[in-house]
Amino acid sequence: MATTGVMRPGHIQLRVLDIGESVHFYKNVLGLVETGRDPQGRVYLKAWDERDHNSVVLREADSAGMDYIGFKVRDRATLEKLDADLRAYGVGTERIPAGELLETGERVRFSLPTGHVMELYADKTDVGNGQPYTNPDPWTPQAEQGIAPVRFDHCLLYGPDLEGNLKLLTEVLGFSLVERVLMEDGKSDLAIFVSCSHKAHDLAFVRHPEPGKLHHLSFLLQSWEQVLRAADLMSMNKVSIDIGPTRHGITRGTTIYAFDPSGNRFETFSGGYDFYPDHQPLTWTFEEVGTGIFYHDRKLNERFLSVVT
Amino acid sequence: MATTGVMRPGHIQLRVLDIGESVHFYKNVLGLVETGRDPQGRVYLKAWDERDHNSVVLREADSAGMDYIGFKVRDRATLEKLDADLRAYGVGTERIPAGELLETGERVRFSLPTGHVMELYADKTDVGNGQPYTNPDPWTPQAEQGIAPVRFDHCLLYGPDLEGNLKLLTEVLGFSLVERVLMEDGKSDLAIFVSCSHKAHDLAFVRHPEPGKLHHLSFLLQSWEQVLRAADLMSMNKVSIDIGPTRHGITRGTTIYAFDPSGNRFETFSGGYDFYPDHQPLTWTFEEVGTGIFYHDRKLNERFLSVVT
Amino acid sequence: MATTGVMRPGHIQLRVLDIGESVHFYKNVLGLVETGRDPQGRVYLKAWDERDHNSVVLREADSAGMDYIGFKVRDRATLEKLDADLRAYGVGTERIPAGELLETGERVRFSLPTGHVMELYADKTDVGNGQPYTNPDPWTPQAEQGIAPVRFDHCLLYGPDLEGNLKLLTEVLGFSLVERVLMEDGKSDLAIFVSCSHKAHDLAFVRHPEPGKLHHLSFLLQSWEQVLRAADLMSMNKVSIDIGPTRHGITRGTTIYAFDPSGNRFETFSGGYDFYPDHQPLTWTFEEVGTGIFYHDRKLNERFLSVVT
Amino acid sequence: MATTGVMRPGHIQLRVLDIGESVHFYKNVLGLVETGRDPQGRVYLKAWDERDHNSVVLREADSAGMDYIGFKVRDRATLEKLDADLRAYGVGTERIPAGELLETGERVRFSLPTGHVMELYADKTDVGNGQPYTNPDPWTPQAEQGIAPVRFDHCLLYGPDLEGNLKLLTEVLGFSLVERVLMEDGKSDLAIFVSCSHKAHDLAFVRHPEPGKLHHLSFLLQSWEQVLRAADLMSMNKVSIDIGPTRHGITRGTTIYAFDPSGNRFETFSGGYDFYPDHQPLTWTFEEVGTGIFYHDRKLNERFLSVVT
């Protein structure tokens, strides 16, 4: 099989400070589609072009941040195998029963060395993208409400043990290292970008003393013109923009970073190259990290390095 | 491993009527980079952003068309396994020694039920995309010569036994069915689009009485604006345009079809959605095939169905 | 004064076969804004970014076509002067009283040598573009309903006496010849493109035996990506597309031609160059008229030359 | 006549610190075309799509800045009339003989109340845009060298007496006020944007204690994608970027500000709306000036207000 194992980031559970304000933001400004609410009060959303029932789950809490990120695997046999592989590798796993998240099958939950909670699952109900499976249109006017990304794409996470993450993700879960940023020592990694697919990154990590932090979750747009439209909609809606529109040197994507009403940073981006696992990784030296992150400004802003949730 | 088995279309050997005229066209108009010539007189080219040594190999011959299409597999162990799997399935395979194509390892060659020659290989020399592996720019002005696609992307092939192809490609080689077009009977396939990756198609086939025919080989551009630029460059260079710029309903890509100097149809396209193997296939009914192929014209032109090489 | 005399095409009165169907089309598919209806049953519309009360006036009639096109002039003194100039030139003019068209001042009406009715007027109520005149946003989500052009831009009209039109428009009304297409004789004009502004055309004429015919009215979009979106929306709404997306050689615009429900051809286009009256005109020879009209197809289709209303 | 009087900014003479370095920058990075050098050592350049012989004239000097900006007027009679009008208004004018600038006719030079030197002229040799006047292509690959704007478009100038400029430009030279930014007092202007054409600005002024300063000269690109390409080329060439890519609220243009090797700020921008002189001006309150200038950041950076040459 050509695509096996871990397929893609399928859901993220986000902590938000005010569920009503957040739902308004994620639906009407970002343009996700609400697909359900559960008895715990969690609100389920998906990007219009995603077929599975949910990708962003909002949970009201006292502090912002990410509860966990879940990756969809190829099938249930893969789920069982990867659970066994994780345990064999020495990672403790926990089973979350099917249905704990709406329309989502059993999940295998574990912690990454950086302190982030990651999940694997094989089943989530296909609710379609609003178009029939026969003779579909490429999009519909309903797909243009708000910023309207096509999918939840990846996360950048901050935490201390990048070496542990890289080893676990590549040796057990089949990820590949795509790009890396070196520290001043020219050896250890300040940041790593890893892929379980043909995307230039499905996950990325930056070294940071505090574990388990979220730098940003990212949503895919279809063109640089859609990135401009997103920036315009952010200004119309008084969304706090961190930086952009600009381009990343790393992954080549064109991007905006901004903050949701709880202070969670999110990205709306477009483009970037396709990765294949026979590609040798790209390396960014410490001196060029600014250009790597923000190709036009060629320097980091302080917020990029310090503001996380 | 998340990406295993067959990875991508890696090379195509094309028959052209006049090697000099063709090299001029593929280099200066299409904007591929020449990477070598061999003692047989074959000319090797690659798209600027491809890292492997070659993707388009031109061979002078009395008739236009495709000699074979080669897919790169994950590694040599995969190559051996897939060769064994093919033989176990009943497909005769042939070994082409390393070096028969420049900078390319041993190939496993076989015929598809539609009469097309397909190859698998694990090794082709990484010559890079003209940028360093450390602190690369996203592109360089050298990447803007001619139409300058980022990669050879896929082929659409014409032949009789689509059922045989679909079975072989999905059961032995790990491809998935992404979209299909039904015939008048509402059951059998007029066309199938299959993927071994996250692309909406790595190969496609249309039912046709004569085996082994090439409808088009396709090159990826990075935006709809680049599609316009490609069309402009075609007109400046008096390239025969078949249709476009327009959009496909199938795969959603934006596209131009045109002909190389030998009459081989090629496509320069952009966009389309990402496929994952848990996606159920899309189906186009016979009545809507025009809209599926050319979303704006909503009808096929006669050339699309009859002109192949 | 730097901009004087005739400023721009300000309104067109179109004959449509079914007013209800047409209003639906112009509002919901093309995305104009309805601004009023009058006791005669005429329906008034404007593009979202136009500030004046109306630009497209629909009148139900037994045959499709254009009743007249009106140009806004700089002020009332200009209107009086141009009326006098027209009469001095030998053109009979008629005064249409203020208010005959909603929110529109007195009009000076006359016939062009090609048999088209043209009007001049100085006043039309500024109703704004939906944004305040203080601290406006560049656009609003309300501006994205339907194809949503920014303005009614120009017309291409068919009729016999191009020489008479060119003389009248340039000598009396201050237009400039921007581009011309020559006939087989290499001397007389098959088509002329004239401007009263910095646009590459405010009006264009093609030689045709029957006077007073409409080839198309045209609406301006803001990018080539919006041209694609327009084509997609046309297909979603089963609008009959004549040709496109493509580029014109003449004026360089990127374009789609399509038909309204009554068979009136309209264009949605983007781009093209800015004209200044010190520019010498561009000439297209008869042999290259196909490339001039459709830069990618490089030939005319029969519809372009024969279907008018 | 529909376009009369002052037509457009036609040339700017810039002071640069090192002529060799500057010529390299303006030719190879910005992508202007060199059209001549004169005995004084001045270097003449034009944007590829401009037809007149020169638009940017570089003069080596000890300090950066603008010597003067020249506007082309409709014809020689207009030049004489405007000279007389200026003198009648009380503005001293000086005649610069034809040929003092290469391929440029006699110029009428005077000072604006803000201390900037402005010129009017009627003649500059038409050297074409590299395409024939018969059957031209819309662009050619030669037009893609460097950032390659289509024209020198406008300047933003800093100086004290905005009221004087506005009165002179509108009452004598036929400009219109398009947009204005108010100061804290809600009455006087912090900035004014004026047009002699259909452009949203041909000139702009910001109130500043020191007279005669240049904030930026601006070059027009053809799309937002070209703005991204410009930013990428700036980074590849280590050009100091001030801000962008982003959008202006004022004029709606999409933009990058950057610095030439001498510290002269320049802009490469795309888009914006078309102005007509019957449009009432837009007003920006002091509180929203940040959004007006940089629509996404919604605040000014210190450099914007203080760094001028």
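In order of appearance the chains are A, B, C and D, and numbering begins at 1 in each one.
The rule we apply is simple: a residue touches a chain if its C-beta (ideal position, glycine included) is under 8 Å from a C-beta of that chain, and two chains touch if they have at least 3 such contacts.
Since the model is a prediction, treat every value here as computed from it, not as a measurement.
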{"item": "Which of A-D and B-D has more C-beta pairs touching across its chains", "value": "A-D"}
{"item": "Self-contact between copies chain A and chain B, residue sets same or different by half", "value": "same"}
{"item": "Where chain B and chain D are represented by their mean Cα positions, the distance between them in whole Å", "value": "48"}
{"item": "Interchain centroid distance [CA atoms averaged], chain A/chain B, Å", "value": "31"}
{"item": "Separation of mean Cα positions, chain D and chain A [Å, integer]", "value": "43"}
{"item": "Of all residues in chain D, the ones touching two or more other chains", "value": "137-138, 223-225, 232, 235, 247, 291, 295"}
{"item": "Topology of the chain contact graph, where touching chains are joined (line, ring, star, complete, other)", "value": "complete"}
{"item": "Touching residues (chain side chain C, partner chain D) in the complex", "value": "1-8, 49, 51, 72, 74, 126, 133-138, 150-151, 173-176, 195-199, 222-224, 247, 249, 252, 271, 273-274, 276-285, 288, 291-292, 295"}
{"item": "Chain C - residues contacting chain B, complex", "value": "224-225, 228, 231-232, 234-235, 241, 244-247, 254, 256, 291, 295-298"}
{"item": "Residues on chain D engaged by chain B in the complex (per definition of touch)", "value": "137-141, 144, 223, 225, 232-233, 235-236"}
